[in-house]
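In the part that follows, the structures are each spelled out as structure tokens.
Each of the next two complexes has subunit A plus one other chain: subunit B in the first, subunit C in the second.
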Partner chain A sequence: MAVKDVQIKDKHIENLAKIVGGAQSILYKKEDLLAYDCDGFTIHRHLPKAVVFPKSTEEVAQIVKYCHENDLPFLARGAGTGLSGGAIPLNGEVVISLTKMKRLLSVDLENRRAVVEPGFVNLKLTHSISDKGYYYAPDPSSQYCCTIGGNVAENAGGAHCLKYGVTTNHILGMEVVLPNGEIIEISTNGVLDPPGYDLLGLLTGSEGTLGIVTKITVRILKNPEAKQTVLAYFDKVSDASQAVSDIISAGIVPAALEMMDKTAIEGVEAAAFPVGHPKDIEALLLIEVDGISAGIDEQIDEILKVCRRRNVREVKVAQDEKERERWWANRKTGFGAMGAISPDYLVQDGVIPRSKLPEVLERIKQISEKYGLRIANIFHAGDGNLHPLVLFDARKPGETEKALAAGSECLQVCADVGGSITGEHGVGIEKREEMRFIFTDEEIIAQTNIRDVFNPKNLLNAGKLFPTPGRCVEVKRNEKTK
Partner chain B sequence: MSVRESDLKQAPACTTTSLGNYLWSDPPDESKWADCVHCGMCLESCPTYEQTGQEQHSPRGRVHLIKSVAEGKLEVNEAFADPVFACLDCRACTTACPADVDVGGLIEEARGQIRQAMPLTGWKGAVSKFFLEGVFPHPDRLHLLGNLLKFYQKSGLQKVARKTRLINIMPEHLVEMEAVLPEVKQPVRKKYKQAGVIKAKGETKRTVALLTGCVMDVMFSDINEATINVLTRNGNDVVIPQNQTCCGALHVHAGDRETGRKLAKQNIEAFKDAETVIVNAAGCGCMLKEYPELFREDDEWREKAEQFASKVEDISKYLHDTGYEKPKAEIKTRITYHDACHLAHGQGIRQEPRSILLSIPGVEMVHMPNADRCCGSAGIYNITNPEMAGAVLKSKMEYVPEDVEMISMGNPGCMLQMALGVLKYGRNQKIVHTVQLLDWAYQKEERLKGV
Partner chain C sequence: MFLITEQQGVLGLIATEFLLELKSILRDSQIQVEENESHPLGNSGRVTVYPQTEEEIANVLKYADNGGKKVTIVGGGTKRGFGGLTECADILLSLADYKGVVEHTVGDMTLTVKSGTPFQQLQEYLAQYNQTIALDPAWPEYATIGGVIAANDSGPKRFRYGSARDSVIGMRVVYPNGTIIRSGGKVVKNVAGYDMNKLFIGSMGTLGVIAEVTLKLRPLPKYESLILLSFPEGNIEEIRAFAVRLLDSMMEPTSLELLSPSLSERLTGKRTYTLAIGFEDVESSVHYQEDFVKRIQPSKTSMAILPLKEARVFWQQFYTIGPNGRQSGDGQEIEAALKIGVVNLDVLQVIKESHILQEAANVAIEAHGGLGHGLCQVYVKGTGEDVVAVIERFRQFVTPLGGYVIVKHLPFALRQKVDVWGEKPSYFFLLEGIKAKIDPNHTLNHRRFVGGI
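Showing the complex of A and B:
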């Protein structure tokens, strides 16, 4: 019954296997590859040519060099939890999985930084240093399993980025394998604002199109002295949105300011971590303030006042850490929880000015009605980062297309009110075309020109981040460079 | 929830329930994977993903493959069998999953298909058939095997085999296993055969039936003895139905659902008159509670299985819920607790055993990080997949605190595996079942009273 290893006769597979030290560190059978045909974005799928598991920067560099010399498309993958398809091997890429490079290399408490390999899981960093009173601030909801390498590629955000900033604000240095296999180091000593171009800023959020990060120096923070969390239930979405604006206007910068609407609440309550939210409310806010102890109570008082002014039905402060954790588990597993009320979902990631919240939510409701698809809203209200979750069933003919169209329309609304098409999930495959909502052709070309400097053969994660070169300008330019 | 599921329900009774490339009846249940949105929250909970870093060895990867077979994209073959059988069935993903996807159920159903499509052949097939069909379901044969083992241990043969290194003709992992086998004592099922009812000490408050387990009663009859003592001490009459049999968990894990069903039926009948069925092995308890899963396509037996499942309770939860006398004698020890997967993830029982341990005067509990991480025992996984089981055990042992004297748990498989870990990594903890410690405390109390 043994399967014949027909494909091992492929010389590329054989050579790649040699680089990573043998057949146990490479996958090439269809049955194994199938598990790599998508990431957290499941609408597009494609089989990779192979998946390799390097254990060191040198192995990554050799794989990349081999692909570069043999014109094999390739891409890097962390935990594969991305929501825009950044790790999907659209062109039958060689997938370089970094899950074996998952060590915490060093912690320097004095200078408040740590060095990790790209496959190190986000939350594990906090777990490794929490006993000493430190933590790593960027906290995407997938932090239980997503990797810091992937966070760098997507410039991941999270609930607490309202106050502390997104991933790019916490990256102090990195080691990168360039698409031709060269290894470079950028600001590894963690000096702020080094002379020359801000390559750290450029690489962070480049969605794996400029290079593969193999070592990352991150900033770590001292745990806040005090922390308080508030949960507020509203009968009207507009009241909740107004409360969000009022809190910020009152001069408070909460660590997190999250909102869920009725459909989202239905999802999280039907799933594995219910809190017991009332079923008939229209929106809830989850608000957290932290910092030095002095003044925290005053901020909480002010927040309670604002909520009451905006007709809150019920508002409460977490009584202990357990309750607080329960509220957050409920919120942070929100996307996966949609599985409990729908077989598939498509999550969007628009950003809007806070003041436009009520208007935009109303228009999303109209889009939902127009397409006959339910849309749940879970989002970082504090920084205007919306996550409309379009619920659909891929097995019903035409419904995937409808969901995509509805999602795209939501982004159009965000762009129309002066916002953006992505806050933290990246463009990937999902929002390539929507880039045109916010960039002109010239602006897109200016960016692909930068990509071509790093990635001249465009073998590394091709077909992501920018619209397909349907426009004559880029096609012409591509011809010229050949 | 899904379209196809409703179609299936309307299908005439005579059509087969095969699905895509699953050609046999009782295929993986579509409504189970329809809940999976591929978010990846399960990844870090999975011990085999931790070891391999590979998606096909992760819960969502496995669900993806299982679904792909149903969609006709994959065939049931060796390459599909590998990730499905490499799963420890530890259910940690079920705890982590935001959408409550029943990965364990899907894995077991998929294994059923694989074993029907490609039955085990050669010596693997023979060994598996010998134990799963020839031994476990037959108490007499098991007891005979136990007696042989006892003879081996007592007669000096064990010493000879170890001294002459004759034992090394066995594969390494089996040699290691041999070293930690407990001393075989008399099975309680034999001991109390004539007793009928084992009366409560003092006033009878309730009557319960005890599942003695197959291997449990041979290898760990002292735990069964302790369970009986603890139950009778707390006002329970204990009945041991003589026609009970192996719970079938090992069979279902191995993909032999047909034998699983046979054993399930026998147990359901055997415990027909019981109000409560007490189990002291997490793996067995979980299996009994999941009997209805085996009868998805048989309304009559499913109903019986559901009724039966509602009567099953783990000893720790039963004691905790019905109340038990707090022991008065002191047992001075530092102890840590390991969550058996099929207790914590499978049955949601975490606090009850801990509170029992804490109720014993003198016991000091030391927190074990990742206490609910699988130890690699997983039924007979440590025998069928020794390499992975060894790697999982190594990771587990790193979490066991240095300065404790005992590790307590509620599952015999874990006890053997953890004993192996203690031996292999030069540790010196004693491995105990939660009820054993409680029983010792009661016994000490009696002794003190006697004095």
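Showing the complex of A and C:
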């Protein structure tokens, strides 16, 4: 317990250790810090100054206050599963790990809400309430280990957000430590529309640059009465894409509508959860509908009809929960599965208007040919959220750079057709420059102006989310601050 | 008398120069000088301008912002009595002539529209494609999509479909300095940069003029019905038990709205607490859910099921029960509308309280609230003094419940006596900071929002 037992030479580390109750709650030796030099985005790495493990809001506030007063850069980190580098300590930050703040504080089924600490794992919430028939809707693929605090920072999505929305649609309130250490509460009791600008909406998805969330009130939902899952194999990508459009046009709102192309199928079939998909198909669709049992069969019939009209080779409905789970495990571990067919891979996260799917897939194919790198496509087809996976071998000189360039070009294609550069992974470090594909300098300044209201010293997670200011941006900013 | 005449003379002189400048931006037909600058609901302007392009909006704002002029924004005018401590701004910027669909991509189920488009007009247009905007605001015939979003209006169906923050995916906003800022985009899923859409939704026009909105659409439900379940005994615990049972079932009502006996009398002819339980889905699913409700129907209650068209007629009437800012509001009786937010099931307490207050406080009160979302709308009629007293009573009642009262409609004179937004939140400095960054000169809708922002 006592700090004096430990030889800490750095006065900041010594002081931070005091705040969190001793040396067991802080890491500062190089060998311990190595695990924190990156998150799920592994191309950039940087060592933090220290990693602290607060156990309460008050400790977080004190750490932040200390950093603020001493001009130490700092950032918050959850499970470190982020895919865009949002938790990488680019500037040698003090990393505030929230993994020890992982309690489920309260559940109120009647009013459909729960209050969690930021380090509480996403899937654990559903597990804690499933016996009563309730669940928490946002389901990023990493939900078995990612934290709800991290989900809030990134506005995480998931396969089922087509019908149920992303994290921001499920956040009712939060307690936040601002970058100067002040603690604020926004509608922590979950009452909707608190008077004032919608800070909950602004903070969600702000990638940890506006404040550190220390308590989160989320909406929970009642399980759907019935659920049916369909798997459809297509010989042509264009038929699969067209089927996606037809399903939506038929007035069906599927809970999930996922697509994988040939390369992706090769990967998932070589990995830990093979389903036995045929290797020679061009695309598969995984479609789930849920809701009132009396209406489900009608929707499934309609979906089967659409698939047949679009020349499906084979289409089947999951016979039981076990089969459904197998199909989903195969899909949800899709990114990691690429490791089975390629030494390295880079995940992209573009979004396009659904109707542009055939055109964009064709252009991604051209990019793949241009760079001589295979690109697998796994994506949330229903909402147009693409995940091109660029396969490469980092051991070959120059291939990492080529993969990055190919990924960036995929995003340019998404932007060109009126889409976005990220649907759920966030900008982080990875897509800072690509922000320029979709926003003007003025629009970027409009956003950094908001950051300055919350984070005027820019000590909290600096260097993320926004492109390095170009010359003209800097000039404009100076004018503004005059 | 003499003093007033002189003041009017001075105003007249300023107006001439001011008008000439506006005429360099807009055509004469787009400028209307108001003869009567005072309006019982305030929020008027010495000159009303009707821009027809985004550029014209930007030019008007730039001119105002540089010249220290104040601008009030108006759409259909249904929310004229909602907030605002300026009786008459220099310019009333009307978006009535800035309307129409910009882009509707049927297959993508997205719609981009100019902000001055009346809500109902949009819904009628979309119905041709079996699509809909999943919002149910008040006075849809007059309320514009921009106004609905700027004031964050929502109705009973919010329980299932959410509110503006769940439907809006992109915007074009004109900042007070004339800059056009795009937020979000045209795709349904997007986390690039801050979610600036959220900042403008519900900002009451204090940050920028919403010029264009992109919305994500839903398929029009294939069938719908509405169950009206009346509780003649008036036992709130019994209503609660029923609601909890329905909420804990796997049924998926679109609305679970409790009507006060007075409102129920107006809408259904029965002076009892009534639950309006809506279902929207394929027909078989709707009937299945109706059957479930019949099975758990408490004894001594009565039930009516309004199918399809009848349900729609009910809702149409429902959306026009509150005061409409387009009407002058200078009648004998004072009308007020309150939005009360509480934890979901506390809605029962608020509606009960409204019933009690109506008996005790010499005012007429009609109220409804959603047991699945926690928002109540309360309409009060009476003398100014009594109305103000009732607002205060409601505030005292909901504060211990952790709720709030916002006054959505009140004549201008009374808005100076009642803080329509209630107490400032503890994080008010952040709201002030945001306003200062975007509208440092307080050009737009000055003092229309929380804490005089």
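Operating definition for what follows: the second predicted complex is superposed on the first by the 467 of 482 C-alpha atoms of A that agree within 3 Å, B and C clash if a C-alpha of one lies under 4 Å from a C-alpha of the other, contacts with A are read in each partner's own complex, and residues count from 1 in each chain.
Quick note on the criterion: contacts are C-beta pairs under 8 Å (C-beta built on N, C-alpha and C of every residue); 3 or more make two chains touch, one makes a residue touch a chain.
Model, not experiment: these values are computed from the prediction.
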Clash or fit (per the criteria above) of subunit B with subunit C on subunit A: fit
Per-residue touch tally on subunit A - higher for subunit B or for subunit C: C
Partner chain in contact with A:354 - subunit B first, subunit C second, else both or neither: second
Superposed arrangement, angle subtended at the Cα centre of subunit A by subunit B and subunit C, nearest 10 degrees: 140
Contacts of A:380 with subunit B and subunit C, given as first, second, both or neither: second
Partner chain in contact with A:370 - subunit B first, subunit C second, else both or neither: neither
Which superposed partner A:423 touches (first subunit B, second subunit C, both, neither): second
Which of subunit B and subunit C A:249 touches, first, second, both or neither: second
Touching partner for A:110 - first (subunit B), second (subunit C), both, neither: second
Smallest distance from any CA atom of subunit C to any CA atom of subunit B, in Å, after fitting: 20
Partner subunit C, residues of subunit A touching it in the complex: 109-112, 133, 154-155, 157, 161, 165-166, 168-169, 184-186, 189-202, 204-206, 222-225, 245, 248-249, 251-253, 291-295, 298-299, 351-355, 380, 383-385, 418-427, 431, 435, 438-440, 442-444, 446-447, 449-454, 465-466
In the complex with subunit A, residue positions of subunit C that touch it: 105-110, 130, 152, 162-163, 165-166, 175, 179, 181-183, 185-199, 201-203, 207, 218-220, 222, 244, 247-252, 281-282, 284-285, 287-289, 339, 341-345, 372-375, 402-404, 406, 421-422, 425-428, 430-431, 433-434, 437-438, 449-450
Residues of subunit B touching subunit A in the complex: 1-4, 34-44, 53-56, 58, 61, 64-65, 68, 73-74, 77-80, 82-83, 95-101, 118, 121
Subunit B-facing residues of subunit A, complex: 1-3, 27, 29-32, 34-36, 38-40, 42, 51, 53, 79-81, 97, 99-100, 102, 119, 121, 142, 144-146, 271-273, 333-340, 343-345, 393, 395-396
